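After this come two complexes, each holding subunit A, first together with subunit B and then together with subunit C.
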Partner chain A sequence: MAEDLVLDTAIRDWVLIPLSVVMVLIGVLRYFVSKLMRSSQSPDAKIVKEGQIIIRARNLRAGANFIPPKSFRARRVYFSNEENGLLYVPKGQAQNAQAQMFSDPNMAMDMMKKNLSMIIPQTLTFAWVNFFFSGFVAAKIPFPLTQRFRSMLQNGIDLSTVDVSYVSSRSWYFLNLFGLRGLFSLILGEENAMDDTQRMMQMSGFGFDPTKGLSAEKDGLDIVQHEWALPKFEQRAEAVLRKLVS
Partner chain B sequence: MAGLDDSGASEKKSGEAINDLPTFNAENMQNNMKIIYYSRTFMSIIGGVIAGILGFTGLTGFILYFLVMAITSVGLTAKAGFSIHSYFDCWNRIMLDGFLGGLMSFVLFWTYPLFPDLFCLFKK
Partner chain C sequence: MVSKTDEAQVNRLENQVDNGGGGAWEYLCLVRKLKLRRSDKVLKHGLSILNDPKKRSSLGPDEWTLYEQVAIAAMDCQCLDVAKDCIKTLQKRFLESKRVGRLEAMLLEAKGSWAEAEKAYTSLLEDNPFDQVIHKRRAAMAKAQGNILGAIEWLNKYLEIFMADHDAWRELAEIYVSLQMYKQAAFCYEELILSQPTNPLYHLAYADVLYTLGGLENIQAAKKYYASTVDLTGGKNTRALLGICLCTSAMGQLTKGRNKEDKESPELQILAATALERDYKQRAPTKLSLLTSTLRSLKL
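Presenting the complex of A and B:
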């Protein structure tokens, strides 16, 4: 059953290594291109202001237990006061911001550019692999898999008795795709670690963030129960001072 | 471990138990998590190459992967001076985080040395 196929060194030289090298280079190229193409958007003052307010509210929520109850309550009222509280946004305005976000031409162009720079190299490389490198056994993966993976991994190979460990070059492409992500995150620094799934998640969550953000923060702030976490602080300070003095 | 540790940055103290209430500096905590991620990725790549050179196949290779991950955990714990709670908020972070993230890189680099005639010296 498990015939030991001897793979030609020519395969190794001309298929596997070039494919890996090309993928690494394309990744590096894409990183630099995305860096260059990042158009400097002049941030909208209103959006920045809202963002800062959200950050302040979040800090207040995080550090709520470290300030005395009265001052926490005073700050909370300042934020969520009905009339002139910072976080209180009348319903009409909230809708507006969201619509503005999507119809803003700059924003849409940016998102499209990011998407394209992700998808195009992958599509091109996949088409290249399919065109040139199909129909033969490319590599042997070191662990055995069940028969169900056969159709997935051995796409161009029409023999059904070949061991599932011998895969076609398409699966080698996918293996490279996933495996080089870790390598990219090491050599390219923190930012562009080829996180296409993360980008997509960011994209879907981006439009809603500023608009729902304010009311969400307000609700979060309302929920917080203040628990005074430093009740013994004065005793502690006294003990420290005593130690210093004596 | 200092030689193998890819990231040169040192782990920063992210938590102090003031008045029995742990507070965490979020930025330092993030930095520490990044360090864990880099270390695991690097070690999984190295582990993959080792598994390939030694010619492991099948289950043995995966056992080696888990062994390498365990060694990484131990190494990170040692670098944190065994006082986990001042650098991370719970044990699970340093032990289990990113465990399976390096699996794909491991498999990729595991396949490389198994190419024919790449390491013909070792075949003899």
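Presenting the complex of A and C:
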């Protein structure tokens, strides 16, 4: 395009700035709402114990060579025997774990709360932006961009002739939605800034299987070759003492 | 484990605060962070902050943490009135808080009203069955009442869930040693060695237990663990050096009359004895004669 579009300054004052301010305010508000709704969940007995078992088994694997062979073998049997070993997971149970998690009403409730605090304000603001500010150009970025950015920056404008460096109001909303994370971490403190992209990642992480850690640890323990390190220490002690005495 | 730099910093700060140089709050923060037990100092300096309204209000929300810290320190020093005042202030601020409830139960315990404290702890555990502090308090309470077997029971119950807590393992090991249940103690020390394989103190304690258990195999193993202690401490541990001498002598007695093909090289204990003599000559010359006569009686 040869001639530039001239943007009304009223657009800046009544669209661009209000939109950004509203997005920030909504982010802050949502943070406080989710803080109110967060239930302090006490950890499940099984999960606590499994975590501890894994730590202890890992210690055993790492320090195996420091205890006598007999003690090591006793511990290995204790951890990984097929009847009631701590790390042994019965086959049927392993598959059920996920289903169990879904059937747990508390967990579902928590997920609901988390999602509600994310989805409701998002739909509302999107509807608001769509209703009031749809279909026009709100800003111009000061450098040229390639055609591929058109769908990102000119959402809501179906004109292929407009230069890509113009930003539509709806796209400005999206940019704000995903780009305000740094600002939130400034306002709300480092760890409190939870933007939507992160939450979405958390969502997809749901469905993780806690029994996997146990069986992985069991496999690791099964292949440990025990070689008592202590006989070597006698020679090392001799060397140390010889150095000390001489 | 407190690292050396941390300890030096604490001592420096403590010195500074003791001599009126300020920095009391930093000192208290550091003590809390490192979980040190310096109750008398904490009580003294904490109270001086709490009794000064200006200093206290300048802490902001940390004021309440300080109240808790001072309350626990006061209970440790048997200043129960101070502890009571602190807990009352906290109670007014935090109604129905579990954390304050824990402090109240601890106050009951400090007063020695065991039954009431027990009841309070039990009700707290019902709300939150994974409060490690309360589990440990219960074991400590049983021990304080002289109910050692009860303490063992609590610790075992605790370790069934929190089996990676090496402090609890150490406590259990020490209790077992005090009851002369050496096999159980040996198991606990093995667990401790697994959790911190480079800590020479665990090797030493394990060797002691093995030597006390007796039997050729155990004494051979004990000698190996004494040797590893020597290696890990750079030969500076007198107990480990003496342990090597004792083990060798005991092994000599046990294998007397048998064929000597599996006898180990005598070099280690000769070196250990020489190192001991050197050490005594340097640090306690008057006791050197005692050492030489002991070593001679061990036929080294």
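Here is the rule we use: the second predicted complex is superposed on the first by the 152 of 246 C-alpha atoms of A that agree within 3 Å, B and C clash if a C-alpha of one lies under 4 Å from a C-alpha of the other, contacts with A are read in each partner's own complex, and residues count from 1 in each chain.
Keep in mind that, in the parts below, a residue touches a chain if its C-beta (ideal position, glycine included) is under 8 Å from a C-beta of that chain, and two chains touch if they have at least 3 such contacts.
This is a predicted model, so every value here is computed, not measured.
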{"item": "Contacts of A:Ser71 with subunit B and subunit C, given as first, second, both or neither", "value": "second"}
{"item": "First (subunit B), second (subunit C), both or neither touched by A:Leu25", "value": "neither"}
{"item": "First, second, both or neither for A:Leu180, with subunit B first and subunit C second", "value": "first"}
{"item": "Contacts of A:Arg236 with subunit B and subunit C, given as first, second, both or neither", "value": "both"}
{"item": "Subunit B versus subunit C as contact partner of A:Met37, first or second or both or neither", "value": "neither"}
{"item": "Which of subunit B and subunit C A:Pro142 touches, first, second, both or neither", "value": "first"}
{"item": "Subunit B versus subunit C as contact partner of A:Ala127, first or second or both or neither", "value": "neither"}
{"item": "Where subunit A meets both subunit C and subunit B, residue numbers", "value": "230, 233, 236"}
{"item": "In the complex with subunit B, residue positions of subunit A that touch it", "value": "6-9, 12, 16, 65, 139-144, 175-176, 178-183, 185-186, 190, 229-230, 232-233, 236"}
{"item": "Interfacial residue positions of subunit B with respect to subunit A in the complex", "value": "6, 18-19, 21, 34, 37-38, 41-42, 44-45, 51-52, 56-59, 61-62, 101-102, 104-111, 114-118"}
{"item": "Contact footprint of subunit A on subunit C as seen in their complex", "value": "128-130, 161-165, 187, 190, 193-195, 197, 221, 223-225, 227-228, 230-231, 234-235, 244, 264, 267-268, 271-272, 274-275, 278"}
{"item": "In the complex, subunit A residues that touch subunit C", "value": "42-43, 45, 48-49, 52-53, 55-56, 59-60, 62-64, 66-68, 71, 230-231, 233-234, 236-238, 240-242, 244-245"}
